[in-house]
Amino acid sequence: MRPGEHMSERESVSEFRVRYAETDQMGVVYHANYLVWCEIGRTDFIRSRGMSYAEMELGGILLAVTDVTLRIHASARYDDVVRVATRLAAVRSRAVEFAYEITRVGDGARIASATTMLVSINPQGRPVAMDPGVRALLEAGSVVG
Amino acid sequence: MRPGEHMSERESVSEFRVRYAETDQMGVVYHANYLVWCEIGRTDFIRSRGMSYAEMELGGILLAVTDVTLRIHASARYDDVVRVATRLAAVRSRAVEFAYEITRVGDGARIASATTMLVSINPQGRPVAMDPGVRALLEAGSVVG
Amino acid sequence: MRPGEHMSERESVSEFRVRYAETDQMGVVYHANYLVWCEIGRTDFIRSRGMSYAEMELGGILLAVTDVTLRIHASARYDDVVRVATRLAAVRSRAVEFAYEITRVGDGARIASATTMLVSINPQGRPVAMDPGVRALLEAGSVVG
Amino acid sequence: MRPGEHMSERESVSEFRVRYAETDQMGVVYHANYLVWCEIGRTDFIRSRGMSYAEMELGGILLAVTDVTLRIHASARYDDVVRVATRLAAVRSRAVEFAYEITRVGDGARIASATTMLVSINPQGRPVAMDPGVRALLEAGSVVG
């Protein structure tokens, strides 16, 4: 098995163009938008595991962000095609941590690295254990075979 | 009764500073944010009538935007203090129309004019008649005494 | 030539998923985001004409939104795949009007219709005539053959 | 000198209402908006030192966010009045770190804590030393007398 295949099991990859709305007057992407991109990566990661976060929410499991780290290496710009590589960093009974690498597709430049911790809550906002089935699906790709 | 008092009965006024996040790489406010400012004006208008839109929603009455017109006369910029004057343009059993004038406080320049039509819906998204009490409060200031 | 081909000359089509960040507590897409989606459609339309709005800006031609109309027919929701069909409504020496139809791909439901007028300005914000070459490219697909 | 006065020298305080646009379908503020609120706190902190970040930018000094940490303790909600207390955590020749505490004014609940590191760049995006005068002004309130 080649390294790339390991990677594709452990990571999901999302690609999209930078929107004009995402820039600020510095001429680059406003930094808070990198967290929005991480959310896109997270949604795609969950989908790649055969689930849908939209359905998880309808089923009463919500994942609320509690901790963020974000390091910006270079600026993304309007109309850049960017790639978010998302991987599962840790799963616990009530929390899950994702890690993200954001790069520009054109030249491969590293744009940003981030982590987010999310806690599993019910619709009333109380922390709850994740469904074992959900946890198993999330973990499916988290260990290199 | 002086003209200013008439105005204050019919309009609410909101003032705030332009956020860096609201600019784009053209160096001015990204146009979609003017609709966010109208929403601030609308919330303040409703509060000025002795209600709270937050409480209206908890009580099961939601106002969903269905129609927007927006004309941009000049650009607002980062750190400008802007003023949104909001007035009720029309009230019907299931819909309400607001009109907005956005100006820059520093020099009085007209930034944008807008209207929004909102329909009264229940939490399931069905159009419903507004509570007569809500309607009466909204209308209270809509006619020059 | 089939109608669909005519259409593809006159319209550009953009498709993407609704982001969680784009929802509000009503459980649907916050209305100002429809203008962001129109901007995506506009960028893609210009690209479909063989130009890049990013390069146009670098070349000193900026298009600033001056007028918007927006009608919301139904609500888009998180994770919906939506389609923005963008067409050129009118071109003048210093202004260009686009029209947009936003639909949900899953069931074809109409979400929103919009128009935007944009004026051609220089980097100092002064209205200027569009480059004849740009205008010709924009107009290329605006008339049914 | 009373502790409160020391605090007021070292911190700036910003207060504003949560916008509907800032909520998501979880019914609370979308987490990326806390970074926008930190930016408001930062702008107000700089203003409290007798400068204006808007003027700093016009003068050719830009502060670009490079590192963020964010911990969310509780959820802010639509129409809450929130307070951002901003203090200077560190100043170096080319970088400055701010720390933020976000609380709800109504009940004093802690909403979020954050830090941001910003690097001083020129309009071309190159790291540059901050003007000694700017640095002195920023530092003015950073040490308890």
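Every chain is named by a letter (A, B, C and D) in the order it is written, and numbering of its residues begins at 1.
Keep in mind that, in the parts below, contacts are C-beta pairs under 8 Å (C-beta built on N, C-alpha and C of every residue); 3 or more make two chains touch, one makes a residue touch a chain.
All values reported here derive from a predicted model rather than from experimental measurement.
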| said: Suppose chain centres are the mean of their C-alpha atoms. Which chain sits farthest from subunit A? | reply: B
| So which one's got more C-beta contacts, A-D or B-D? | A-D
| request: Round to the nearest whole Å and give the separation of the Cα centres of subunit C and subunit D. | output: 35
| For subunit A paired with subunit D, centre-to-centre distance based on mean C-alpha positions, whole Å | 26
| message | How many angstrom lie between the centres of subunit B and subunit D, each centre taken as the mean Cα position? | response | 28
| task | For subunit A, write out the residues touching at least two other chains, lowest number first. | result | 20-21, 25-26, 28, 32, 36, 39, 78
| Residues of subunit C defined as touching subunit D within the complex | 20-21, 23-28, 30, 32, 78
| query | Given the complex with subunit A, which residues does subunit D contribute to the contact? | reply | 25-26, 28, 31-33, 35-36, 39, 57, 62, 64-72, 75, 125
| remark: Listed in rising order, the residues of subunit D that touch subunit B in the complex are 16-17, 19-21, 36, 39-40, 43, 52-54, 77-79
